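Chain nomenclature is as follows: A, B, C and D, assigned in order of appearance, with residue numbering initiated at 1 for each chain independently.
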Amino acid sequence: MPVDGKEAGPASQTILVVGGGIAGISAALEAAETGHDVVLLEKGPSLGGRVSKLNRYFPKLCHPTCGLEINYQRIRKNPRLKVLTMCEPTNVAGSRGAFTVTVKRHPRFVNEKCTSCGDCAAATETMVPNPFNYGLDKVKAAYLPNEHAMPMRYVIAPEAIAEGEGDKLKAACKYGAVEPEQQEETFDLNVGAIIWATGWQPYDPNNLDVYSYSHSPDIITNVEMERLAAHDGPTQGKIVRPSNGEPAKKVALIQCAGSRDNNHLAYCSRICCLGSLKHAAYVREQYADAEVDIYYIDIRAHDKLESFYQKVKADPQVRFVKSKPGHIRVGEDGRPFIHGERTIDREVYDEPYDLIVLATGMQPSAVAGYTPQVGLVKDDYGFVVPKELEDNEGIFSCGVAAGPLDVSLSVQSATAAALKAVQAVRQSA
Amino acid sequence: MTAPLPNPGKKYDLDFARWVYDNVNGGDKMALCMQCGVCSGSCPIGTNMDHGPRKLFMMIRAGMQEAVMTSNTPANCTSCYRCVVRCPRSVPVTYILQDLLAKQAELGYRAKDSNENIAFAKSFWWSARAFGRTDERLVTAKYYWSFGPAEFWKRSMENLKIALGFIKKGRMHIGMPHSVKDKKGLKAILDKAREIESRG
Amino acid sequence: MTETATPTKPKKPGVYVCKGCGIGEAVDADALANVAKSEFRIQTTATQDACCSDEGVAAIKADVDAGTVDGVVVAACSHRVMADRFRFNGTPVVRANLREHVAWSQPPGEEDTEMLAADQVRMAITQVQLTLPPLPSQVQEYSRTLLVLGGGITGMTAAREAVKAGHPVILVEKTDQLGGWANKWAGRMPYRPPYRDVQDSGIAKLVEAVKADKDIDVKLDTRVVKTAGQPGAFTVTLSHGGQESVVNVGAVVVATGFRPYDATKLGHLGYGASPDIVTGVELEAMLKAGGELKRKSDGKPVKHIAFVQCAGSRDPDHLPYCSSVCCGVSIKQALQITKADAKASAYIVYEELRTPGTAEEFYRQAQEAGVIFMKGKATKVDAGAMQVSYTDELLGTEVPLAGLDMIVLATGMVPNSTDPDVPVVEPEKSEAQLKGDINPFSAIPVAGYKPGGAEGPTPPAMPHLDRIPEGGPILNLQYRQGPHIPVLADGFSDSHYICFPYETRRTGIYTAGPVRRPMDMAESAEDAAGAVMKAIQAIQGSKMGVSLHPRVGDLSFPKVGHEKCTKCRRCTVECPFGAIDEDETGRPIINPARCRRCGTCMGACPVQTITFDNYNPQMVNAMIEANEIPDEFSEKPRILVLACENDAYPALDMAGINREKWSPYVRTIPVRCLGSVTLQWVSTALQKGYDGIMLMGCKSGDDYQCHFVKGSAIAKERMSKVGETLKSLALEKERVTMAEVSIADSHRVPKVLNEFAELIGGLDPNPMKGF
Amino acid sequence: MSDNKKVRMTYYPGCSSQGSARHLDESLRAVLPEMGVEIDDIADWNCCGASVGHIGGGQLPNLSLTGRNLAKARERGTQDVITGCAACYLNTHGGNEKIKADVKKKAQVNEALAAGDLKYDGDLKVRHVCEVLVNDVGVDKIKDRVKNPLTGLKVAGYVGCQTVRPFAQTQAGGEYDSYDDPNFLDDFTEACGATAVPFQNKTSCCGGSVAVMSPDRTLHLIKNILEEAKEAGADVISTPCPLCQTNVEMYQDQINAKYGTDYKIPVVFYSQLMAVAFGMDGDKDAALQRNTNASDKLDKLAKRGG
């Protein structure tokens, strides 16, 4: 397969998928399982993207690793699909059947000989904020991205190299897998079609200064809540106050923390209501005497997800407060207080909580990253959509790169994008 | 001049919202309110208000014109703009409230708490128009006086210490009011502006 | 496919024992190689510093290429890693997990650890010796054609997309024209940046494109009478004007769309009491007609109009779900009305305003145009006063929205997962099929709450289970399991999986558009493309004789030993995918292209005569028996764990990765699905002398997580009968148990094993040992 | 701004500069040139209309006040117009943006201005002094000018509302700091060598003009501000806003009477702190004598004479 593109002719049959999250994985697999050569680029050290950092999915409260495992099995079995981690595109040129994509490969400092034995982790003394846990804890600078990593291979943070541990780590590896000398490198891929599945990043809570995120460790974001509740998170799944480790029994979930707000994200991120319903369930599952307040504008539980809303609502210890809070202040005892107006009875409240979760929205990764100029357009929010719907330009987007979608909708859009890409290479064959 | 209310006396008037959109400064933007409540929840003296901006806007949509025109919510706005900068829909709440207060007065409604605001605004404008500048001393005196001699005396006495302190520190002057040089030109401009506004 | 020689089971497997990743420190690799030599007479054994290294792989490959070995046991890490390294041109490879399950989870150098490692090697050798490399089961006469059912936006889009990918299409539409509901729509919600303005529906253009497409065979006024066969070779009987014809197609996309909720059931909202109280669909037609919007009753222009949202939807007495599109549609209509007449006032009475994603911008556009939104549930519509009564939640008071010129009921979507024009066939069977197998309203798990207890949440009533959309089957499948495409509890033919939205339980048949989930035009079009992708894969899979999701590419398929078959029909009943039919004598007929290779039929068969070439009752039996069982005086109990390879086994691997420790007495065999577990394995283990047996699999019941729909539920059912076996052997019932383990239980699963080991340790040894 | 670069701007003092906030005006006139900002007053400037002008006089007359000021400012050329008063800034900047954006308003204002033989095209930029200090001067330059660091002085930075909510009317977005959690005032404090204490009430409202007309409705707001400043151990409260300075300072006696407290916390302008820190004269330049609650600590730090 022309991974390095050297032997590819003018009409390449290879499909490139950019982004190894659930959308990218799905698109890549659907195309590969239809008999096409696919290259999947992931800029991080492991596939799985945002969903791999989720504790569970709504509404079934099942674990994302469950579906990822099946997808990873599919990847393992499929020789047509080539996964390149630590890679991101920096330029796209050409057109359908003949795209040239410039790819930057970040150094992993670990090569494919890695057996994931962990000797390098034992050897390093450098600690870095754990990216898998959004920096809520620290991890050895030579680390497995997570216990379910794909590929199951270690990565060494540049900090360890900067600390001068390169030679030591190299010596610690019995398999010749550590390469401290790795540099960032660039190479070209020739592909026939491209699927852009670069996903999203959580909206920066520091932009929401009224919610005092930086002023209290007990004010966290929804994605951090997922880690807090996850068995492989910083607390092994115990939902506690980050400030003191005490159980978080009075919890507030603030919806539209950034979304539906002209000052931040003008669109609705679609998933946050359901995510918070799920967070209410996390808390209630752990503590019989827990109380959860959900501050919201509209509860957007579309289609059958309505039933998830109804069943969470049936719990009398979950209160739904229709109110966009004005601000959060930290009280004398360090507990954060939420201040605002309950719109239903017009009461002004000033309520203390053990833990406040800001349901920050999804921002397309394209706001910060590279977006091809050919074939795609970026809308005002940073979502990327194909330029023309009628003509098959050979480049498509899917998942949250294309719009704020939940997992099912992302996979739906990924499957559709895979078909478009298949059409593109078949038509230019 | 502001257009008269579409159907005065009607408790619920479906045309009232349109009237506000068309006649109140910023009123058209009020249409974008999604009733999240961040304005009322951010208001420093929202607890003094009978409804608060969020509910007042809903009342406008529901056509509750009488209740809106007699509400004390506009009079209790301190113009801190916290609601404005926090509003997710960019509704200029402060401006709407300020102008609703003006409209209440203009159309002859006696909204609760508003007499002080109106009196103060009139005293302020008197100074601005007469001298082109605000003479804090005279504005205050004229404001107190608008409530009658007894109230004038009471309020003056309550704040005498402050006034004397300011005089001592040179922050309140005694003598002729500060004034623009071109008082005549200024008045001409303001009178012309009023005339333009009246013709609509 | 190139023809290959008839495969045989490996006669001379090689065994390669790895010493890397701590294995060499934990166990004696040479001793393990000796187990292979001495016990199994294996000729080729080797120990390697790292089997996965280039040198290690090259050495194995050299043996394979030289023909020295015809099967490979790699005794190293879990089969879940390094899969790409150990591929030797189709030679059977079995991995003995000495790393995650031994070196990383057991204390090094101990006798128990060595015994465990030796058993891992024994099981692997046994497995490879019984592995027959499977040959594909190809559909002989396969068709590349897709049948698309439904000529609306979804169906037409599906047809076009399939053709663009090179597949011809037969497009069946029951009415006399293409276009479906979209023919009546006066524009559509925006779906392209800047997401602001009402857009043209585009339906006319699409209809033209479909008509002009020579690869689309449009069949109007046509219905599907029945559907038989399997992916690649469906035979579909069509009826047109009383004439029946049969077409052969490779896969089916069902795009039958929706029907609006019956507004006559909404008497409390005034429907029928005044011509000026209309449904959203009716208003759409009026808007489409163009010109000034006038009242039906007296022709007066509409100046004040109110929309009643959730008219039927989100209502336990009507539709329990949210129909998703109604907020957007009412906004669109209100916007169209206010844009046409700036003086018109439009009110939208809603409970929750749902404009997800970029549709929020459309909501703002409507507000900016002056559309007024009021929050509350409309309880009554008075046709005389033309008044909508609702208590405004934001004002805390009843607001009389009176003197309206028109009132619009935003009725929801009912999926056409049945055909209302077709009589209900086999009502009993239909009901069972259409009930849905889960309760979406089951209570959330709450700490300290036990179902039936006084404390804790009361789940809302589930009134809709008998509210499946009325009608007969749309495809009339000639399947043993009934004529319908299974639906979820809400009546939609959707997947139960979040990450696999196209996994229907009828292989090769994919639903798209509002029959699957309430969705708008843009989503439906996208969904159509997604469904076509899966349909194309189904055709291709049938051609190549491989399985579809989730065991994609699996060549094995179930074979029935008819000489032993007792025609008990358990396999045909339990198959989650309706893959097995019966002939007139009751003999099972397997449709391999419908089969998803979970092995549920194999687990169901009481005489163990359903087998896969590389996975069968006999193989696992032999693996169970291959292990060495210490005598009853050794105080070394043995526990057999049959772990689902999709969730439980990975969880165990991850426990090993985390260096968690668990009982060394556990012997784990991965299984395809708990549904494939036959009770015979349990009795074999008991007779062999295992002291305890645990089935480990995923959550069953509501919110089940089984990738094969109900494997763990079936296993649970079967296990309830194991008591008799135990009783007959005079054994305690605690010896056999089932544990619900999710893939995220890497911290919990060692505890589950240790607790069970402790319980078993407290019992007397299995007296069958040494028999 | 490079180290010795000077810039000229047109200065709008506002009415309070001749009354309650003379010390802001005096200290600004002292420190701005030190930081390279040379100022020329708007000739014959008038009142901005504050937050009540339009109620007393109507929308267009109120806007015409701004129109006249800017027309007079334009006579000095196109250099930026700056003001230190929050209300003046809010009105003048907001009015300016309205004139720029709204063709009809612009025509109407100019029709009114013509009655006074003036006109304004909307080609000026109106800025707040604090924003100029942050964006043009830079905190480092302020630090460079400090000769008399205010070591040990604890300062609660009370920004108030309108100083950081300048774009309310125009929706053009913030330029120099956040609406709710601004840091510039603390940066000024620290630049002067003093210590900024944590102060959550930094943008809480003092009651504004309602406090002036009807103190009973708003005294609790000021009390909250004083309470937190005291608890934080602040020696002084620093503010950029004339009305905030006056309200928070002058009502302390009434608050003490109403709530039984004993506040006597000095409230100063940041520019007064700068003047002291720059080693300028405590009275002439820092105008410390104009504060009714004097800060002994600050007084001691201040240089006199010279």
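Miscellaneous remarks
The criterion applied here is as follows: contacts are C-beta pairs under 8 Å (C-beta built on N, C-alpha and C of every residue); 3 or more make two chains touch, one makes a residue touch a chain.
Bear in mind that the values here come from a model prediction, so they are computed numbers and not experimental data.
Here A is the chain whose Cα centre lies closest to the centre of all protein Cα atoms.
Top contact pair of chains, counted by C-beta pairs, is A-C. In this assembly, the C-alpha centroid of subunit B lies 22 Å from the C-alpha centroid of subunit D. Averaging C-alpha coordinates per chain places the centre of subunit A 49 Å away from that of subunit B. A straight line joining the Cα centres of subunit A and subunit D is 45 Å long. Annotation for subunit A: residues 210, 260, 298, 322, 327, 343, 346 touch two or more other chains. In subunit D, 179-180 are the positions where the chain touches two or more neighbouring chains simultaneously. Contact with two or more other chains is made by residues 353, 364, 394 of subunit C.
Of all possible chain pairs, those that touch are A-B, A-C, A-D, B-C, B-D. Taken together, the subunit B residues at the contact with subunit A in this complex read 34-38, 40-42, 46-47, 51-52, 54-55, 82, 85-90. Of all the residues in subunit A, the ones that touch subunit D in their complex are 209-210, 212, 327, 329-330. Interface of subunit D with subunit B (complex): residues 15-16, 18-23, 44-47, 49-61, 63-65, 67-68, 90, 108-109, 111-118, 161-162, 165, 168-169, 171, 179-180, 203-205, 207-214, 217-218, 221, 250-251, 253-254, 289-292.
By the touch rule above, subunit A contacts subunit B in their complex via residues 210, 256, 260-264, 297-298, 322-327, 339-343, 346, 348. Residue ranges on subunit D touching subunit A, taken from their complex, read 178-181, 200.
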